[in-house]
Amino acid sequence: MKRIGVFVCHCGTNIANTVHCDQVAEVAKDFPGVVYSCDYKYMCAEPGQQLIQDAVREHNLDGYVVAACSPRMHEPTFRKCAERAGLNPYMIEQVNIREQCSWVHADKEKGTEKSIDLLRMAVAKARKNEPLSSSTIPVTKRALVIGAGIAGIQTAIDIADNGFQVTLLDREHSIGGRMAQVDKTFPTLDCSACILTPKMVEAAQHPNIEMVTYAEVTAVDGFVGNFDVTIRKKARYVDFDKCTGCGACQEKCPKKVSSEFEMGLGPRKAIYVPFPQAVPNKPVIDAEHCRYLLDGKCGVCKKICPTEAVDYEQKDEVIVERYGSIVVATGFDQFDISKYEEYGAGRYPDVITGLHLERLMNASGPTAGKIKRPSDGKVPEKIVFIKCVGSRDEAKGRPYCSKACCMYVAKHATLIKEKMPQSKSYIFYMDVRTGGKSYEEFYKRTQEQYDGQYIRGRVSKIFQVGDKLIVRGEDSLIGRPVEIEADLVVLAAGMEPRADAVALARTLGISYDQHGWYTEAHPKLQPIETHTAGIYLAGVCQGPKDIPESVAQASAAAVKATGLLSKGELTSEAMIAECNEAVCAGCGLCISVCPYKAIEKKKVSERVHGQMKERVVAVVNPGLCQGCGACTVNCPSSAMNINGFTNEQILAEVDALCQR
Amino acid sequence: MKAFPKAKLQEVLKTLASKGTLYVPALVDETHRYYPYRADIQVSLEQNSAISPKEIFFPSTEKIYNFTAYGIDGDYEEILPDRTACVLFGVRSCDMQAILCMDDVFLTRGYIDEYYATRREGATIVALGCSKAGADCFCSSMGLNPVEHEGADAQLYDLGDYYGIQGRTEKGEKVVEALAVAGLLSESSAEVLVPEEFVLQVDSEGIAEKLQAMFEHSLWDQLWRKCINCGTCTYLCPTCHCFDISEKKKNQHCGVKIKCWDSCMFNEYAMMAGGHNPRPSKKEKVRQRFMHKLRYFPERYGKYQCTGCGRCIAKCPVNLEITDVINQVREAKVNG
Amino acid sequence: MNSLIKEMQALAQELLASGEVKGVFGWTKGSRWYLTPPLFIQKAEDAIKLHYDEFAINNLTSLLLDYRNSDDKIAIFVKGCDSRGILRLIQDKQVNPEKVLVIGLPCPGMVDKEAVKDQRHVHDLPLLRKCQECRYPNPVLADRTLGDVQVTKEPGVPIGITAERAIQKGVGSKGKERYQEVKEIEALSADEKYAFWQKQHEKCLRCYACRNICPACNCRECIFESDKKGWVNKAATTTDNAFFGITRAMHVAGRCVDCGECERVCPAGIPIMKINRKIMQDIDELFGTYDAGTDLEEAGPLNHFKLDDPEEFL
Amino acid sequence: MVKDNATPENLAKATTEEIKRINPLIPMKAKVTKIIEETPDVKTFYISKEENGQMVVPFHTAPGQLAMLSLPGVGEAMFSATDAPDHLQLSIKKVGTLTDELHEIVPGQTVGIRGPYGNGFPMDQIKGKNVLFIAGGIGLAPVRTAVRYCVDHRDDFAKLHLVYGSRSPADLVFQYDLFETWPAVRDFQVSVTVDRGDDNWKGNVGFVPAFLEELKPNPDNTVCIICGPPIMIKFTLGILDKLGFTAENVITTLEMRMKCGIGKCGRCNIGSCYICLDGPVFTLAEMKKMPNEY
């Protein structure tokens, strides 16, 4: 019979206030297998750990149970402590009598009773613990960055600078993302393109960066250190090796299409480069609009191309590449303002979003930087901004703050005043949030030097009279209705997760919140990691951020990814599935449910009634298995077990609970 | 002979029940087996019980001792069987013969099984002669007289409207006396009803001897093919007496050692520690069962361990009939 | 019927004589008029022993488990309900479809031999309840068929030479009412339900006939066989019996093919199908109608994870 | 009445008062007083019971007899027992749940013990003859009971010869007997072999049957007592036959799954024999008459 020790921790007063720790330790002495039991103020502290190690040696313990805080917190501590005492680290159990007893119960007697029950279960389990060991798996020293906005670009450059190969992938044909659409950045009013373009070029030219644009991730297999990523490269119909980017095709293409990059405010052709600074700066054919591809007529671009780079026969290409780590930097979509019918969004062309305004202000935009109304091209004089559209609005399912809007609205008001000194900006707001370096000062300037008129209140309705937009709302500070005859209304549309964010999360096996933002492993202490080892987050895909925050997180993700890649090999989980071949019936149900493709079939020979017979059994690849347990619950013969959580151990716990 | 009218059966049973526990075949929740008599119980003497009366002497689960174990200290506390006397009413010849088989096993050859012995000594068996052969009965083929069995303490005969009764032992006489005292008995000269010819018949003569040379016979290669290795035949059999000893924990420190029915049809039955199984497949298990009934038991105790009650035939999920096995053994060619 | 039996015998004779199969599972005429028990033959000349009639109730498919690692090809006769068992065994990889030749038969509807009144003389017997509630009277899978029967995965009415008679007798007529018994128990109070099942489990002998006849119970080692793990005790107490009964039912959840053999073979008369049907009904309600053992390609709802699986408990 | 009729000749042979216990299935409470680690997977347990403050042998066993050892809450199993003045010695190999647990216990542990069971070796009939002992692995445990008897009654027997083999030098059980006690006994040849040697092993390397063939023991006036793994027995019997040993003079002890030990539970039968009552010791001649199911 295994000799088990029990160590009950007071956690200062955290546990001791609601649990009679001494009593728990005393009762535990009677549990079968327990040969030593004691309590102590701080088991995790140096003297506490020493106490455990001494007891292991003195009482010749085969394993022990620590009743303390959450194993998430200190299981590694006590495992290491076991190792120092000469035990296999998996011979110990930690039972959480803090979060599960003292912190949730007020009644000390009941808290004690529950602690005893939990401890009895843990002792029963510990008696069935077996030494476990981990194996090592090699790491593929290559990273994948999904999304090549500013966050993705920064991550890729940082990883590449650290000497690792990195693939920078984007589904658009140019890298740059949302930041490329932005005219100027707050609070410094730098030209966005001026600071972004060098980064884009650096990424494109970096020897360690492979750029894969116009491509999507369709499947991710494998596990940390060795992800097998299936990438679908969409057909461009232009051979980039031959194309010189001369632009002749674009010029001659007869098909005009509304430009996505310009937010529909300007045209592009069916063969096009989305914006002048695009990287790669070579055109692709939009198969949905190309006349040749649609009905075989036209073919002008092919005829005109001096290098015969146009290739209508090109097909999508699917490749599978292996990466050690993945950084997700897929950014955001802008909230669809047409959901605000009361603002006439979608109906009135002069009710636009902040991103529209960015394009209208941009020198290379559809209006060459002149702010003109989309409806009639007139220069607006009275401009109304409405904040918190599609953010902080429970009714629209967007209760969160989009964080960047307060500042970009201030920026817009400032820039408009600079461009058109005769104009007047009215800004309807709920609160003004300027938490950021030099942000508050910028906002003050907008008000004081740039004549931005901030009105605290909600707009209830916008309607058109003549060529004016009547903005009707309430100034809640003075408690009076307001009505403004505006020429242009700019809605500060919030950020929302990409429409396909959930689908990608499922492909990657990472978690997401109720809105679709990807969930970090810990909101405070692990804001970069996901719950899936080896996959990290950068930028807005995790939640609304402005540019400096995205860049900071991008660099952090790069460090995480590089840290992983710099290890030669990873230690695999010790608590992984194992198949009892004697019992395994070879039905293969485990194989079909394993999310890590860690289970395979194998043939075994055995002597049955004097004859050698072959049969099929399941075998777990310890490198791939993550110990999720899907196979164990699906195994009809209970041949699959998670080491450290075997069916027997769990039954022993249930038994112990029932035998109080 | 002395007799009581069938109409007065309830009074007879009440009288006997007043002396001690009285077991009667009855239908409760659609199950026909022996139950302690109660006035509201549906006594059924029309046909033999579906579950044999062996469980009265040899319950399917029986406690032997309690144990405690605290650390390295432990203790054992014997649990002795209940010594109260009882009467078994309506036991058929086949089941009476089966009890004699069990007597051989549990009361002879070196050791006496205290549990069986205590219950057996305290019991008075009132047998009931059959006037009708059940669908699966073949006791006459196994050398029994369906109408009476000399091993019983008292014998009931079907006289049509009456049951005749005769005491055979001191215990049996006491039963008759008790009924007489209660004024329930009268004299009857009616003929004892006997069953018409059995539908199932088999010639069992000399089978035990023939089987001695048939352990390796090819017959066994075929018999097991439809068997599903369930324990129905052995658990319903009035003579199957194999048991296992295991334990049931009450809590982490104490538990009870139990003796419970086991079946040679089960895989784990002959499995040894370390995994060797001398009877690894259905073939060996099926052979063991029939060999035990028809050869080993006769060799050891001088009688067949099958009494023709037909329960295994009635309930075998695949109709593997012992009568058919006997026929096949009879017809089998044996070399040399 | 006679011509069908002749066809069966001829086919078995041919299969064995040609060496295509090494054995044939079928039925034979038993020792009494109301018995048609299983038969396994290996010689062509034994084919004449094959028989088929309304007493061929036995689902033979679990017997194939004895040949699961065998190199020999075995032929097996199946009725509609039996064929679902084969399909399940193939899905569980316990039977190699290359090593089994499934011969589908039209089912005349099986009768209830419990209703025999005179074992000496042939008389009419009522149709089994399970046959009245039958949803798949035709084989869902067969390599060969006899007697005009067609292989179809669709629930429906009997097809084949005996179809008319079978339909007349009421085969499948109560298919829609198969959860009736479940509803009756569901209508009871919790205490009444408990009392009902306690009473049933009290009767259990732990003979394991229900387990051993079941084509879904195909583990190599049953936890009820090895008390090593201490999960269950050998003691036949009501508690241990209930533990067995419920575990068995949950173990075949989503894999039970509704053949009713467990209930038929129970020597204690426990209405096992009531609990199997309850689980079937629950699966139907939670995951959409699912009939185990009807589609080779579809893993049962309890054997895979789908993104839209109900998960109210999370 | 029933009891009186049931007194058989076996009961008359009973060697201790324990056998007449009212309830033969109840173990007597005993203690493990000493544990010897024979090999990595074999331990010898010394078992005594307390009587008037003294530790005494729970019951005496004849060579080849068995005792049922139980660990409360785990289970019970039958082992061959070696008799000593104040204790029984049970040498137990780790093969399953119970034996795994037994290997974890420490001296002082309460255990249950009942017995003795089985017929034992027919030492009286061997008197005056040469005895050849052949054992493999843990099979030496039952053979040792006979060896000890012969050594204790040295003058009753002619020449003694033990041929013993194990998988490796580390797996040799009772090394103190093999290399110290027994070689010192008069006219006692001890021949040890291992399947695979190691750096320190200077003895014979090879399987028992081959070793035996090399040793060529003389079958004249010799009885052979053999026990070991089935495969060893199978090949050794062939060699013994070749050497001229008759089936009547080859004695072995059979293992079956015994549960009750008293001939009731029905589990240990081979044909109409119950190992726990009629065995476990049989001559090869007797075994040839039994069904081949062991």
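The first chain written gets the first letter, and so on, giving A, B, C and D; residue counts start at 1 in each chain.
One rule holds for everything that comes next: a residue touches a chain if its C-beta (ideal position, glycine included) is under 8 Å from a C-beta of that chain, and two chains touch if they have at least 3 such contacts.
Everything quoted here is computed from the prediction, not taken from an experiment.
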Query - Leader among chain pairs (count of C-beta contacts) - result: B-D
Report summary line: By Cα-centroid distance to the whole-protein Cα centroid, the innermost chain is C
Query raised in the report: Quick one: subunit A and subunit D, Cα centre-to-centre, how many Å?
Result: 68
Query raised in the report: subunit A to subunit C: how many Å between their CA centres?
Result: 50
Requested in this report: Go ahead and note the Å separation of the Cα centroids belonging to subunit A and subunit B.
Outcome: 71
Query raised in the report: Any idea how many Å lie between the Cα centroids of subunit B and subunit C?
Result: 31
**Report entry** Residues of subunit A engaged with two or more neighbouring chains
**Finding:** 608
Query raised in the report: So which bits of subunit C are touching at least two other chains?
Result: 221, 230
Query raised in the report: On subunit D, where are the residues touching two or more other chains?
Result: 96, 105
**Report entry** Contact set on subunit B toward subunit C in their complex
**Finding:** 29-31, 50-51, 60-61, 135, 199-200, 222, 225-226, 228-232, 234-236, 244, 246-249, 258, 260-263, 266-268, 282, 315, 317-321, 323-324
Report summary line: In their shared complex, subunit A is touched by residues of subunit D numbered 101, 104-105
Report task. Spell out the part of subunit A that touches subunit D in their complex, as residue ranges. Result -> 1-2
Query - subunit B-touching residues of subunit D, taken from the complex the two chains share - result: 1-3, 5-6, 8, 10-11, 22-29, 72-73, 75-77, 95-96, 98-99, 105-106, 108-112, 230, 255-257, 259-260, 262-267, 269-272, 277, 291-294
Query raised in the report: Any idea which subunit C residues touch subunit A in the complex?
Result: 68-69, 91-94, 218-221, 223, 229-231, 251, 255, 299, 303-305, 307
